[in-house]
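So, here come the structures, one by one.
Here subunit A shows up in two complexes: once beside subunit B, once beside subunit C.
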Partner chain A sequence: MPLPIDTVRLHETPEGVDLALRVAGPAPRAIAYLLDVVVRLALLLVVLPLAAFSGFGTGLILLALFGLEWLYPVVFEVRSGATPGKRIMGLMVVHDDGTPVRVASSLIRNLLRTVDFLPILYGVGLVSMLVDRDFRRLGDLAAGTLVVYADAPPAKPTISRVAPQPPPAGLPFEAQQAILAFAERGHAVSDARRIELAEILAGGVGRQGEAAVAQVNAWAAWLARGAPDGRG
Partner chain B sequence: MKQDAFEAAASPIWTNYRAMLDALENSRQRRAHVPTFTTFPHLHRRLCSDYALARSRRYSPGLIAELEVLVRRGHRQLYRRRSAPLRSVLDFMARRFPRTLRRHSAVVWIAAALFFLPMIGMGIAVHQDADLVYSLLDAEQVAELESLYDPARQTPGRAGERQADTDVAMFGFYVMNNVGIGFRTFAGGLILGLGSLVILLVNGLSIGAVAGHLTRLDYGATFWPFVSGHGPYELTAIAICGAAGLLLGQALLAPGQRSRLAALRANARDAVILVGGAAVLLVFAAVIEAFWSAGPAPSALKYSVGVLGWVLVAIYLTLAGRAGDDAP
Partner chain C sequence: MRLDAIGARLRPRRPWEGVDLGFALGREWFVSLWILWWITALPVALLLAVLTGGRPDLWLVAVWWCKPLFEAPLQFWAGRALLGERPEPAERVGIIRGALTRHILPLLLWRRLGLRRSFLLPVTLLEGLSGASARRRRAVLSDGIGAPTWLTLICYHFEAILWGGVLLGLVFLVPEELPRLDLTAAVTQSDSPVYWISAVVYLLAFSVIAPFYVCAGFSLYLTRRTELEAWDLELAFRRARDEQDAATRGATSLTVAGLLAVGLVLSLPSPSAEAFAPRDPPLAAVLDTVLDRGEAQVLIREILADEDFGSTQEVTLWLPVERDPAEPIDGWTWPSDFGALAVRLAEILKWSLLALAFAGLVWLTLKVIQGVARNRPRWPRSRPGSRDQGDGPPVLLEGLGAEPFPDDIPASVRRLIDKDEHRAALALLYRASLVELARQGVAIPRGATEGDCLALAALTLAAPRVGVMARLTQTWSRVAYAHRQPPGAELMALLDDWCRARDLPTGPTGPTGPTGPTGPT
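This part shows the complex of A and B:
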């Protein structure tokens, strides 16, 4: 079966269901990295006043520099799956089986960052991400980790309560899903686009304009709730 | 079964499950909740089955996506591995690190040879030939080095006037610098092992050149007592980091029966254990270097501590956790 052109990677769990992992590309990850640079600089500014304590303070600042350079991503990834920058961008780091990243994997991917950064500004990492199907840089390849989009906020759309009408018989699965998706998310697009989409779905039965929208919504209501008298 | 009826029948279970997830994902609450959620695995399987049903019965994409998010969150919680941090750190240093090291003893010996043989060779050569040191270091660096270890100065060591206060500053510097070098030595191994190779050779040659040059100038009486204390841990750790890097290179150059990616993954698992152990050794070396090496103790005592250090390192790396060496 040819692989779909999509960023969704399916991982089958021991329970026998497919988990969808939506891998993140170079652009959001680069922005997350820049945000992390800002956070690191801010943390550095917080400890800089320690310089007032001469040698002792200098020692602590140097330790902080070491921590910010090497341990900052590891600490955040192991604690909550994402650095502050990644969290803002809605990303998180997981193993390629969808489980939370652990210390060893996080250390591997973050220590090998040194090589991904070569020759300048993540040149090697970018090439690796563009070549690999799952946008993995070399550190991710060695650690077996993926950077994926964290869960979307659970805002389940509802299908409007219109009078249901049975759709044409023998509707293929994809068409049924398209009708239901239209009913759930159609209100998010402009009127003109909604009508255009509805005419594609209901054009087969000769509906045009707003009538097509109403027809598709009625079919969706039948698919989700069944006939009004309880048959279905 | 139509979607509405399905949702109405199952939603109390989903609500219950979602409440458990919210509590488990909250790092402050989870410790209290983990023991009480005995039904969580059962509920997770129920959610998985509901999700599979929703897909096979062709319910709406919105419902499928909602269930999928719940299953994914539950998967993360159920298959999260838990460990006691302090105990696992102790277990790591007492058993896993030395065992992993012995399992890869061939690579460790190669890395040690790449580091120590050039060091000794360069040391002897520089001791014999006064000009050779300038092939590695420029005149300014050599002059600075000479002034640091000049016996005419009262306080030997890298910094001039050292007090307890500057000791902490030097500790911070040694940690940042040395552990950073260790980490880079490891990461360089991803470039077909070449990065680690170069860092090992260059560091070995430089250290040898410095030691040979200072001994030739009869500055040895200030140099050797200073480095003898932390040398055993620092030099061993750098060699181990190099070995970790060579493991990465080996996976890419000679993956054996596995694919290169699979070999890289497997070797990286072990290599990161070596790097972690070496980092702990480097921090220990930094403590000694900052608070003992520049201290006022007599040279004889410092040499004794140095010899003791080598013995301890050898005993630790060969014997620690040896009872379980046959275990995978």
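This part shows the complex of A and C:
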């Protein structure tokens, strides 16, 4: 059976740790670009009154246009990893090994927008993103960068306070994680579905219905906090 | 549904990540889906070309309207491929037949313009729901997410970008010598044959984007159901249960030691071996009957002695001897108090700069005060004789007139009057008066007029002198400004009065005074 398809790109560090980078595809990036266009237009509107100083003001506006076109993405990407549009969409630019993007790569990927923009509205970039398995446009390929989802700080786990019970021996790591996830996400699922899920696991020890849910929650409490007498 | 064989990783995702997974699926299956799309779309497109009477604009709209028809088989195919039953090419006709049920009809009629089309297609096709239950299902699924709508809008624009890109590419890349594409006609003039090119390119763009659109909608649907029904948990639980079942079945045939080892390796780490004792009945029964504590401890020790659980190694290596921090280091180094010295120097520099600035400030203030005082015309009105009021020095008066003063002023004046040089005589007399005034300590400022001098004189001189001064000033002004020569006798009288006021001999007034040759004629 082939590996399951996913949008996660694994990068193995020298220490043998797999960094999971969740690459972002053309759709959210298009929206982020649209938002950036809006932001840039707003910034341009701010400098537009400079046209009152005829020759000098026009020069300043042209400089602002240049900066907004070429330096706007670079400045934001180097400073905080994402332009305002990307930030709103929860995206950020990183090197393909997961390190923060530097000036050189950011300049390359943004200067090559001219190529990606061809022949109209990022036509080349779109095709490149559809073909590449990491959704990279040509600028990303040249600069060795990825657009990934920025990891939100993990929420504080909320395991309900029930009497812990040790789970069956020999549970693989994934199953333990799933038990914990069940305790945290169970309330988002309908009651019937929650019972159905719990019975898959707790049915083996003869628990049915709400008792199965309680059993799995007790296992989760044991995994999260250990045995009640501190032996876990 | 058998989730075990699912071809995509199930995990909680944000909606946009779900869309991205769909684009990844679409790329993975692109060729199959693309061929499938054309198998459905080509006959329909040809049929529509006939039905619309060869009008490319109508044809394009008609094909566009029928898009759900071409998307349904893709959805059906993707549904099976995702569950690990990737259909063979020979099954394509069957898939198309299976997908185009009567449930598709609403999608071609009143639901055609719905913006969540690809997201809700699985409800119709894979769940086979219709009517009120389908409506409820759709409402639950699309509650609170905007990504499906955006997905449709974005894919619409992607098609337009591809279409425009290919057309512009044709214009840009075809050499000028060859017949060129008339872009304006291709886009706007629906009756021109070139418009067909544009329409066919648009159809091509439909076909390229459709697999991505369908897969993205599908994986959004999967993401949503994973969120609502915790599919990933179901999958993990099933796997865990299957493994447990297998372990339980194999337990009796395994040796007890092996079982314990499995328990040790797979359980959570714990200081007490007792905590690992499995609590589920079958295992507990096995363990309780066969093993007592002592034997178990021996076994555990044996197993832990195995190489897999770590071993000790003796390593000899040389390490540099630690350097004594107090020992002086060879070679010249910066003096340790170099920093302090630099700070000291900077301090001195700072204070000297400050002092310099202060001195400059004082100098500037003085200059300003001087300048203000010089430019302010201020006359001593209530403080007679005060020196500090005007700084026009008496020295100035010494320069009045080119020639030096004669010793005997009255005699010189009288001589000048006799020589009929009345103006020179008056000038000499007036100058002498001013110098005298200055010598008496009256400061006459630069630029003072005759009137000013008279006013100053009135403050200091005795009354008879002031009277003479007033007459002298009046006469002088008349000569200097009005060019009216006074008669010689008048001048002589003035001179005599001037001398009398200073107790000087008045000279021979008798013969020269009234009978002067310069009398008025």
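To be clear about the criterion, the second predicted complex is superposed on the first by the 204 of 232 C-alpha atoms of A that agree within 3 Å, B and C clash if a C-alpha of one lies under 4 Å from a C-alpha of the other, contacts with A are read in each partner's own complex, and residues count from 1 in each chain.
Assume a residue touches a chain if its C-beta (ideal position, glycine included) is under 8 Å from a C-beta of that chain, and two chains touch if they have at least 3 such contacts.
What you see is a predicted model; the values in this text were computed from it and never measured.
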Practice task
Please tell me, clash or fit, for subunit B and subunit C sharing subunit A in the overlay.
Solution key: fit
Handout entry: Which of subunit B and subunit C A:Leu107 touches, first, second, both or neither
Key = first
Handout entry: Touched partner set for A:Ile159, first subunit B, second subunit C, both or neither
Key = first
Practice task
Using the superposition on chain A described above, determine whether A:Thr13 touches subunit B (first), subunit C (second), both, or neither.
Solution key: first
Fill in the blank from the handout: Vertex subunit A, Cα centroids of subunit B and subunit C as endpoints: angle rounded to a multiple of 10 degrees is 40
Practice task
Could you say whether A:Gln177 touches subunit B, subunit C, both of them, or neither, answering first, second, both or neither?
Solution key: both
Handout entry: subunit B versus subunit C as contact partner of A:Arg133, first or second or both or neither
Key = second
Practice task
Go through the superposed model and pick first if A:Asp191 touches only subunit B, second if only subunit C, both, or neither.
Solution key: neither
Practice task
Using the touch definition from the top, say if A:Glu69 reaches subunit B (first), subunit C (second), both or neither.
Solution key: first
Practice task
State the minimum pairwise Cα distance, in Å, between subunit B and subunit C in the overlaid complexes.
Solution key: 5
Fill in the blank from the handout: Contacts of subunit A common to subunit B and subunit C in the A-superposed view 118, 177, 181, 185, 223, 232
Problem - subunit B-touching residues of subunit A, taken from the complex the two chains share - result: 13, 15-17, 19-20, 54-56, 58-63, 65-66, 69-70, 79-80, 94, 97-100, 102, 104, 107-108, 111-115, 118, 138, 141-144, 151-152, 154, 156-159, 173, 176-177, 180-181, 183-185, 220, 223-226, 232
Problem - Partner subunit A, residues of subunit B touching it in the complex - result: 2-5, 27, 44-45, 48-49, 51-52, 58-63, 65-66, 68-73, 75-76, 79-81, 163, 165-173, 175-176, 179-180, 183-184, 186-188, 190-191, 195, 248, 261, 264-265, 268-269, 271-273, 275-276
Fill in the blank from the handout: Note: in the complex, subunit C contacts subunit A through residues 5-9, 11-12, 14, 16-17, 19-21, 23-28, 84, 150-151, 154, 157-158, 161-162, 164-165, 168-169, 172, 208, 212, 216, 227-230, 232-234, 236-241, 243-245, 247, 262-263, 266-268, 270-272, 274-281, 283
Completion exercise
The subunit A residues in contact with subunit C across the complex are 1-2, 4-8, 22-28, 30-31, 89-90, 118-124, 126-127, 130-131, 133, 135, 149, 165-166, 168-172, 174-175, 177-178, 181-182, 185-186, 188-190, 193, 197, 200-201, 203-205, 223, 227, 231-232
